[in-house]
Amino acid sequence: MTVTLPTTPATIIEVNAIGKSYGAVNALSGITTKVNAGQVTCVLGDNGAGKSTFIKILAGAHTPSEGQLLIDGVAVTFSSPRAALDMGIATVYQDLAVVPLMPVWRNFFLGSELTRGTGPFRRLDVKEMKRVTVEELANMGIDLRDVDQPIGTLSGGERQCVAIARAVYFGARVLILDEPTAALGVKQSGVVLRYIARARDKGLGVVFITHNPHHAYPVGDRFLLLNRGTSIGDFEKSQITLGELTSLMAGGAELDSLAHELERAERRS
Amino acid sequence: MTVTLPTTPATIIEVNAIGKSYGAVNALSGITTKVNAGQVTCVLGDNGAGKSTFIKILAGAHTPSEGQLLIDGVAVTFSSPRAALDMGIATVYQDLAVVPLMPVWRNFFLGSELTRGTGPFRRLDVKEMKRVTVEELANMGIDLRDVDQPIGTLSGGERQCVAIARAVYFGARVLILDEPTAALGVKQSGVVLRYIARARDKGLGVVFITHNPHHAYPVGDRFLLLNRGTSIGDFEKSQITLGELTSLMAGGAELDSLAHELERAERRS
Amino acid sequence: MTTTDIMTIATRPRVENRPIRRILGRPETGALVAALAVMIFFSVYTTTFLTLPGAGVWLESASTFGIMAVAVALLMIGGEFDLSAGVMTGFTALVVGILTTQFGVNIWVAAIVSLAVALAIGALNGYVVMRTGLPSFIVTLGTFFVLAGADLAVTKLLTGQVAIQGMTKVPFYDSIAAFFGSSLTIGGGVFYISVVWWIVVTIIATWVLLRTRAGNWIFAVGGALNSSRQVGVPVMKTKVGLFMTTSGAAWLVGMISLFRTSTVQANTGVGQEFIYIICAVVGGCLLTGGYGSAVGAALGALIYGMVFQGITFAQWDTNWLRTVLGGMLLLAVFLNHWVRRRATGGSR
Amino acid sequence: MTTTDIMTIATRPRVENRPIRRILGRPETGALVAALAVMIFFSVYTTTFLTLPGAGVWLESASTFGIMAVAVALLMIGGEFDLSAGVMTGFTALVVGILTTQFGVNIWVAAIVSLAVALAIGALNGYVVMRTGLPSFIVTLGTFFVLAGADLAVTKLLTGQVAIQGMTKVPFYDSIAAFFGSSLTIGGGVFYISVVWWIVVTIIATWVLLRTRAGNWIFAVGGALNSSRQVGVPVMKTKVGLFMTTSGAAWLVGMISLFRTSTVQANTGVGQEFIYIICAVVGGCLLTGGYGSAVGAALGALIYGMVFQGITFAQWDTNWLRTVLGGMLLLAVFLNHWVRRRATGGSR
Amino acid sequence: TNSANPNGAKYTYAVITHSGPGDAFWDRVKSGAEAAGSNYGATITYNADPDPAKQSQLIDNAVAQKVNGIVVSMANPEGLKTSIKAAVAAGIPVVTINSGIEESAAYGAITHIGQSETVAGQAVGNKLNDSSLNNVLCVIQEAGNVGLEQRCKAATSTFKGTMTNLQVDGTNDSEVKATIKSKLQADPSIDGVLTLGGQYALDAVGGVSESNSTAKVATFDLSEDVVADVQAGTILFAVDQQPYVQGFLGVTALFLDSTNGNIIGGGQPVYSGPAFVTKDNAAQVAQFAKNGTR
């Protein structure tokens, strides 16, 4: 497939001074950034920094307490994740948003089921859905014998792969991934990174959350750094190096001493 | 604290040809390894390899379908996780085992509450429990203002830190950690690795599951590799190098090409 | 160390794919076994149970429970309860009775008005549950109380008594009774049309649950509401639709019992809602939602009807009726549970 | 780029720690507001409601519901239901009645035997629920049926009628009636000792829930059973204990009603179990377990008692009784919910 | 022909009433029927359901069992019409008891035993007039029960003062008492309480005494304690429809029809009561009440 990309990437989502509080807890405030077509926006930050809160707002799962969201330059308020999905925004939530008791294939297509026939005879196209599910999971290196097994019985990583495969399959314009590689093995992580690159190359806007700067830096075009609910920077790739990124995320010099410490302990034992 | 370690480390847990099936699914079979005092046993393997199943057996959450478990050389069958806890085996489960609606401090001490007074006046020592919770979390770099907030409202990483801090606090002889660093930032991951090293140095046996060979190799003394439910090797550190470990986990040469691929895609965009 | 054997290991089959296990693992299999056990027991123990006249009685008894149990099962799979379902069966019949006997409304019009009112109340139940976030247990309990009181007070007010009389004299009574109250005599056994309705409702519900998008959504909203919302399931529409299905089924049962007996009392249906829930649970539905089947609920109703009438066939002292009923239901549930557990190897 | 401001940002307070929000966020606050609203309404609307004689009546009415509601609330927080709770109140009283009037057993001994039997049944309920993994809804429903049938059949068998007669002639009747059925007349109002029991039970339950290990375990097993088991909570002990608490409370209520009315019928308590659940839910307990409070349940019972008797005080046509009751309960729940939501800023 | 007779008895009769479970009045009907059955060596099966649809099913059930006769109470006659006619058509003799006197013959029953609640209720209304009461409560222990409503309605029709219905929860005696108390406090002009079951009379007595009211208590149906209270003067009178008679004679009518072709009353209804129990005759009733037969 050859896609001609515009020289100045079109901005799909614009976020303007957005914030969110849960009751008395201010989880997020004053965040401004944008998601461009054909680019990957990485959101980085410590645990509890507000990353998940941020992407839930983009995905329509939360309404912001303050600020404004623009899609294609038009201010929108998503009434539900459905509204966001209908605008082509597909999301992998950190808690995966699966229904544990339902079979894998039903989870894969939940909310966007394939059907056959018309009128009262319109029915689920079970065979096709199972086929696609098996295939998409196989592409990620997960070979499930039985897509009829409840998704709750899959291992943590397998479940995560289903959620990712689903979002990639349905993502039309924007793909949002909240720590997609957290529970994944090295191989599967590689597949996911490749998916991200491929989606980007197809002209999708990608929002990617990770704690691993080595995952973020190679694919990212823009880096939004959060700390305790506020933005401490929204950098283009050209403005920041991997080293700077890493040290910003890890809280300075801490890391260097670690390898040292572990080594020392080891020698002692 | 100075602990004199024996030259031949004492074996705490011995696992003999253990297996487990869920209905028609054989998740694990014929696994043999051991957990020594003052050593870290890493369990490595792809998604769905059976790692969580394995540690659930050690933790008493599952009874094995076959094989034998020996603690200090005596064959045991854990009737419940309580039995394992009573033998000093503390576990961080991959799904964290927290009660979402309960406050953080109650979750921290759940099942091992501190009390004051005697007889009918025996009551929870709320103040002390809150203090310990705040302190232990602060040690991990998580500063919660309100340990009374339901743990379900914490971020994924914060929740994981509570589960880890709890296990470390109560772990007496063996500490089992199932992907403890999955949802953690670089800083918190460092803290956890340091905890592991410290526990090992105190003479505890540690079982550590991770997908990151760079986390596993520095602290591990023994590596159990699983593939599709069977053991493909149980190596001492001296028998294997980081490179071998990585390539075994990642399924061969796949990885090298990845960085390449992402780069190429990048250039194109 | 060698790594060559990884690929050979990878091709080892990990799942025994026996279709028999599949069938045994379905939610309704246990209920089927239990139903057969009950049937065999009473067939052997009494002489009349398995005759055509006998079967006519317990099938009729099971049919109205069955229609409601199937609807209630869908709702329960969708994660909600409807405590107003029982009293709604009386309410819909009273609406028809009062409109026709007191206001002279055409009986067909009255039936349609009654259906519309029932659906509106169902929709209101669903809407209030979804908008306020209150548990449906408490919202529909409110509806139950309100309807139960209104049934009594309004009937008393308009007719001066607590039961509708004189339905058979209403014009066109027979034309509509044919749909809801007619029966067929086969070999001395009287088989009511309600049994047909029961089967039709079960088939439609099964089709919807397993083969349509709506069915997928029902499982999803009951299994994990928040996740469903996040992946774009129209949660509101699904739940409101379920409540409307239940009240629609209650209308059907109301019509069946009205045209079966040509009368209805102000307290008709009070307390029956729990029998529906019992049938659904006996049939393998999870009270917590997200799991179950329509066929299972229908079988649950069959078990209930067979036990209920079977006790009478067995001529046991009815003072012990509830004890025996309770014991039998428990046995049925145990059996159901045991079958399912054997099938899934103890994983549920 | 600069990184210097990270530390200053880190010290920024993220939580407003207003104690008022804390109080408003508790499960029982909404119920308290609703109870006050109901009380004010009837006090203004009727002349007798807020007099000593009036208060005596609604307190008496609320007290027995309250004792059971608190026990049922603990059980519900622990994630289970007990549908046999209502009929158990009749059962325990019948045991005492039959032992004393038919077999001449000493009344104190009879009361203790009755308690022992009740606790044993509660333990059995809990044990069966835990061992089989069946939902408690269905297990205790079985117990309900079995007990309801046995109440009727055994009472009939032994006494020849369906109610216990002649209790007051039993020796030492007065000595035990003092504990359960005595009353105090203050300013023309009759205040029963059951109100004291209600308060005592509520205080003990609150203490247990919030300040003991058992309380911690109750919240845990109801909130996430599997997680609780994994961290070593004695799940079996906790749940069995909860069922025993409920049946123990049912015994207390059985004694109170036996010694207050000096009689008991075979169908006493049938259907009351839902009133207990209603009171607990009105008082802010979650039906799904893991959340709620004993004080809330006690307030729920107070609301129920006030509404129930208030309607009579208001002299409204009792044909509309249930409609009004339903409407008022819904209003109370809405108010409760609204208060709580305001308090927690919409996060629950 | 008699397939429903496992224990070798010659005849099996089904008694099917509209009672709810555990109702004291209907329990006496059952006792009477069973006593007659054991006297005549007949098997009696007793079933009850207040819902006419379910009661119909019980009749169908009896027909399927090919019993030798059916005794049925018709609180809501229209609802049972189809099933009773089917029974008659199947050649099974039917006797109606208690209510349904008007429709009995039309549906093909051989006779009717006992009178409707209406006759008893009207008599009670008159008796209350005799005691010169003006404002009486009629306590209904089960909302929407047709028979209970008929009792209150009939009493109201002959009573010259005001009669108000009060719904209470019959499965909870202390609530019944509390509700009566509230009502008496709210309206001190009430001078009489009419309960519809012996059990509730005791609750009413308690309620009256605790609310310092002077209201008199009267009741339908008897029990041992009620008779004792009548003797003691705390209950004004109790009306006894003699339910035992209804059950006993119902079965007797079928038995005589089966064995001798007799029809009791020659097709005319046979009255079983009402009898009033007052202070004067309470003593002689007391010993039978103890047996649970009156």
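Every chain is named by a letter (A, B, C, D and E) in the order it is written, and numbering of its residues begins at 1.
The rule we apply is simple: a contact is a pair of C-beta atoms (placed from the backbone, for glycine too) under 8 Å apart; a residue touches a chain by one contact, two chains touch by 3 or more.
Here's who's who by UniProt: A, B = Sugar ABC transporter ATP-binding protein; C, D = Xylose transport system permease protein XylH.
This one's a predicted model, so the numbers in the text were calculated from it and none came from an experiment.
Undergrad: If we define chain centres by averaging CA atoms, which chain lands farthest from chain A? Would you check?
TA: That would be chain E.
Undergrad: Would you mind checking which chain's C-alpha centre is most distant from the centre of chain C?
TA: Using the mean of the C-alpha atoms as each chain's centre, the farthest one from chain C is B.
Undergrad: Which interface, named by its two chains, has the most contact pairs?
TA: Summing C-beta contacts for every pairing gives the maximum at A-B.
Undergrad: Please report how many Å separate the Cα centroid of chain A from that of chain C, as a whole number.
TA: So the centroids are 42 Å from each other.
Undergrad: Rounded to a whole Å, what is the gap between the Cα centroids of chain B and chain E?
TA: Distance between chain centres, rounded to whole Å: 72 Å.
Undergrad: Taking each chain's centre as the mean of its CA atoms, how far is chain D from chain E in angstrom?
TA: 35
Undergrad: Going through chain C residue by residue, note those that touch at least 2 other chains and give them in order.
TA: Correct list: 14-15, 17, 148, 152, 156, 286, 317, 321-322, 347.
Undergrad: Please set out, as single numbers or ranges, the residues of chain E touching at least two other chains.
TA: Residues 21, 143.
Undergrad: Going through chain A residue by residue, note those that touch at least 2 other chains and give them in order.
TA: 22, 25, 95, 146, 153, 251
Undergrad: For chain E, which residues are in contact with chain C within the complex?
TA: These residues of chain E touch chain C: 3-4, 6, 12, 21, 43, 45-48, 50-54, 56-58, 60-66, 76, 78-82, 86, 142-146, 149, 153.
Undergrad: Please name which positions on chain A make contact with chain B in the complex.
TA: Of all residues in chain A, those touching chain B are 5, 22, 25, 38-39, 45-49, 51-52, 94-95, 141-142, 146, 149, 153-158, 160-161, 179, 182-190, 193-194, 197-198, 200-201, 211-213, 218-219, 221, 246, 249-251, 254-255, 258-259, 261-263, 265-266, 268-269.
Undergrad: Going by the contact rule set out above, which residues of chain C touch chain A in the complex?
TA: 13-15, 17, 22, 207, 211-213, 215-217, 219-220, 223-224, 226-235, 286, 290-291, 347
Undergrad: Going by the contact rule set out above, which residues of chain D touch chain E in the complex?
TA: Those in contact with chain E are residues 46, 48, 51, 53-54, 57-58, 60-61, 64, 86, 90, 148, 151-152, 156, 159-163, 165-166, 183, 188, 190, 256-257, 260-272, 308-309, 312-315, 318-319, 321-322.
Undergrad: Residue numbers of chain A touching chain C in their complex, please.
TA: 59, 61, 80-82, 85-86, 91, 93, 95-102, 106, 109-113, 115, 122-124, 126, 145-146, 148, 153, 166
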